[in-house]
Amino acid sequence: MDYYSLILQGFSIVFQPTNLFLCFFGCLMGTLVGVLPGLGPTAAIALLLPTTFHFAPVSAIITLSGIYYGAMYGGSTTSILVNIPGEAASVITTLDGYQMALDGRAGPALGIAAFGSYIAGTLSIVGLMFLAPLLARGALAFGPPEYFSLMCMGLTILIYLASGSMIKALMMAALGLIIGCIGADMLTNVHRFTLGIPELVDGVGLIPLVMGLFGISEVLLNIEIQVKQEILKGKIKNLLPNLQEWKDSAKPILRGSLLGFLLGILPGAGPAIASFVSYAVEKRVSRHPENFGRGAIEGVAGPESANNAATGGSFIPLFSLGIPSNSVMAILLGALMIHGVIPGPNLMQQSPDLFWGVVASMYVGNIMLLVLNLPLIGLWVKLLKVPYSILFPLILLFCLIGAYTASNKIVDLYIMIFFGFMGYLLRKYRYEAAPLILAFVLGPMLEDALRQSLIISEGSPKIFFARPISGTILGCTLLLLLSSLLPKIQKRRQVLPLDKEM
Amino acid sequence: MGRFGWRKPDHKSGIFFLLLGFGVCYFSWKIGLGSPAKPGPGFMPFLAGFLLAFLSFLLVIQVLFSWTAPAWVTGVQWKNTLLVLASMAAYGFLLDKIGFVLVTLGFVILLMKVIEPQSWKRAVLGGIISSMASYLLFETLLKSQLPRSFLGFF
Amino acid sequence: MKKIIKILTLSPLLLAFAGLNLSAEEAEKYPSRPVTLTGAFAAGGSTDLTCRAIGSVAPKYFSQPIISVPKPGGAGLVALQNLASSKADGYTYHLGRPSEMSIAPFIEKMPFDMGKDFIPVGQVAQDRIVFSVYAKSPWNTIEDLIAAARKEPDKIKFACSSPTATTRLGLEKFCHEAGIKLSCVPFKGGTPAAIAVAGGHVPVLTSTVSEALPHSQRGDMRVLLVCADQRVKEYPDVPTAKEKGFDVNFGIWCTVFARKDTPPAILAKFEELLKKAAEDKEFVSAMTKLGSEPGFVSAKEFAAYWPRERKWIGEIVRDVGLSKSP
């Protein structure tokens, strides 16, 4: 494949005025959507899909892709500034990003998030370019047993997410598992814990849960602290990361990019899981893991890079196999089909214009996003200086609107409020919410994979160990578990008294 | 707070989760556990409930014998918290009855006046600006469908 | 004061009286407001896209816009409650699929009598169900599969997008006709199910044409049968159920429903619109690109067919063991 000329061809397509404008429009919408909590890229893409009908296929895909990775850039903004994750992929960023903001380092946090996202996005596009067909076939090798093992490993990573009491973190994970079970059982359709509320038959939505548990609870806590305003007013330091912060972030960004890219390829995984895993990895390899949860920049650099790299990776199964790896890709698939393009292994050969045009637009889009987001940092930081008594109704308002627009169901608002209250109490009693979310996301996937595998194997658990990929992953999980129990690791994870005043 | 006192916060939360875990176990058992070879709908929640109960038990024991430093919390401020939550619930309740713009207006004004009282001017101004701005943003720009009031046009 | 009270109490009566006369005029003036078309599935899915396709060709035949409003949730309950509680004035319709209109009533507690509370207005398209196998499996024809299944009842596994999916019920009906029993491995969605089969983890797949297409084109799957009376153009070499002697001409239809008591005159007008839309070239090409089969079925024809379908679905749901939740 003559990559050089193909890429040039791609760029020539992108630099047509219409496409350039659409790329910018997509990125802008994506950032906006990412910043606004609740309205995720899936909904935005679905809403804007009809407006792209009249454009050429390549233009339509450029716009929609722009929304997707733009949202990843934007999602970190509210996580860092007000502890409200815009979507699942930004939850992890709240752990350290928000702490950095409280420390007056909102600027560097946002800056590293933006740069990390850019580097990761670009690297993942390179990966997409060269590795697409190869890796896509690998994704097909993952069946239910492999997913089960993967989820086991994911849950084991929980151990690394906890910064306080391990028992309490595990309790939160158990609670997350339980909340994840709410709804109609996948296999038998039995209603579990739905308390007679019809909307709960589909389960608790991730968006209301996350926004309530993190965002609303944060606001409720902050209202109690009159001192808060002075803290934020006084300490806004520089707007961009300093040299030390750059040095600290370099490796996390690279690791996050690789991790995110690989996880993005797997159908069902995606940016959220990539961000969780990256956080755990960074904490594990860090020389100062006790800083995590208190403003470690690695805790922002890694996950933010991972979630952007995952977006690049998630295009691979779509373009090479015609398989969407998450809901956004599913809509893109629909968009492609409407335009008469059948994604598949022949896509790259049959519609090289489309493929390379989109790839080139991703490069351009990432640059646009960097340029868009950096100056905005100054704006966001100024926003933090607004007195909290004026700010908090607006934050709550955005949460309410965001939750409503995500699904158009009033019940989701009540769910969010309920979890806001729960989150407030949990924080008061010193429990962490992050393990809950992780278990909530992974638990159902684990359960489904377990039951599917057992149907396939007709009850025999051998299937998890006999298959090479699954067995390997389980082996690694076991190693991870054992290594965490070693005393050496225990010492690293000292339980320090939490000194942040509640 | 004596070393073996039962009023430590971790005790309260520990016992709460212990009971919750048992409750979940019970209801999961009712739904049907199936067998390890063919897990039923109650299998996973039962395990999770059991885990929760077991860990809560460990927590209570741990704190009882002061193996770890007890978590200290500042008191729960019920009044403001419940007020905010209630106003949010009211927002949800009234949203499709009196429409987006009016509810937003009322909500912002209420919160601005009650929690950390601002002047009427500020509150009303803030309310109007936020409802207009968010309406423009969500309805016009993003084309999400927000509920309208009985007045029809907004 | 007395006068004002008189006027106030009389005016509702006057309005009501006017209202009675209005309905005849309303039918004449219909449509005078935009029309809402709901769907029981999320935005961006095939139901929503079909609604939007109708909406985009409607301006040619209808003087008011038709707006697609997805109302997912509760296995269709949310959308149906919305329809049932709307005014019977012909401005709210629902684009239904077998999933919530025929199957869900047997699975969930739905406070409706489907046949009486909802009136079909017209079918505009349908998705055909196909049965495929993993490319490296030993079965080349549907007869091979049936023979193998007869030897080992309940052993051969098949993947489907959910335990209550229309595609699953189609396969179960087929199995019933063929006298075999296959074991169901449900997934959350058509794509994960198809991927599992394409990767060889589960040998058989029941899905729509569009879900199977990318995998069969790549050569990872072989399509053995399509549930139709005539061959479909995506798979001209695949035999139909009819050819093989099975009565499984069951597609995943897209039919517009109105709530009961909607004036027939208004329904007739809307049915006319649907007919024209379904035959519109732009609509046909949009549906084809989505992998659906456009085609109009009149309200009368559908209304005759629908109770029969609900009957056999109820039987199969019972046979397969999917019960109403407690």
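Letters are used for the chains, namely A, B and C, taken in the order the chains are written, and counting of residues starts over at 1 for each.
As a working rule, a contact is a pair of C-beta atoms (placed from the backbone, for glycine too) under 8 Å apart; a residue touches a chain by one contact, two chains touch by 3 or more.
It should be emphasised that the depicted structure is a prediction, and the values quoted were computed from it without experimental measurement.
Undergrad: Examine which chains touch each other and state the graph shape they make (line, ring, star, complete, other).
TA: line
Undergrad: Specify the chain most distant from chain A by Cα centroid.
TA: Max centre-to-centre separation from chain A belongs to C.
Undergrad: When the C-alpha atoms of chain A and chain B are each averaged to a single point, how far apart are the two points in Å?
TA: Whole-Å distance between the two chain centres: 22.
Undergrad: How many angstrom lie between the centres of chain A and chain C, each centre taken as the mean Cα position?
TA: So the centroids are 33 Å from each other.
Undergrad: Cα centroid separation between chain B and chain C, in whole Å?
TA: Here chain B and chain C have centroids separated by 37 Å.
Undergrad: Residue numbers in chain B touching 2 or more other chains?
TA: Only 145 qualify.
Undergrad: In chain A, what residues contact two or more other chains?
TA: Chain A, residues with two or more chain partners: 43, 47, 187-188, 190, 408, 455.
Undergrad: If a residue has to touch 2 or more other chains to count, which residues of chain C qualify?
TA: Residues of chain C touching two or more partner chains: there are none.
Undergrad: Chain A touches which residues of chain C in the complex?
TA: Against chain A, chain C makes touches at 42-46, 48-49, 52, 56, 70-75, 77-78, 107-108, 157, 162-164, 183-188, 191-192, 194-196, 198-202, 210, 213-215, 217-218, 220, 286, 289-291, 322, 325-326.
Undergrad: In the complex of these two chains, what residues of chain B are touching chain A?
TA: Per the stated touch rule, the residues are 9-10, 12-13, 17, 20-21, 24, 27-28, 31-32, 36-45, 47-49, 51-52, 55-56, 58-59, 62, 68-69, 71, 73-74, 76-77, 80-81, 84-85, 88-89, 91-93, 95-96, 104, 107-108, 111-112, 115-116, 118, 122, 126, 130, 134, 137-138, 142-146.
Undergrad: Would you tell me which residues of chain A are touching chain C in their complex?
TA: It comes out as residues 42-43, 45-47, 49-50, 53, 139-145, 184, 186-191, 198-199, 201-202, 267-268, 321-324, 327, 330-331, 334, 337-340, 342-346, 407-409, 448, 452, 455-456.
Undergrad: In their complex, what parts of chain A are in touch with chain B?
TA: Those residues of chain A that touch chain B are 32-33, 36, 39, 43-44, 47, 165, 167-168, 170-171, 174-175, 177-178, 181, 185, 187-188, 190, 192-193, 216, 219-220, 223-224, 388-390, 392-394, 396-398, 400-401, 404-405, 408, 410, 413-414, 417, 420-421, 424-425, 428-431, 443, 447, 450-451, 454-455, 459-461, 495, 497-498, 501-502.
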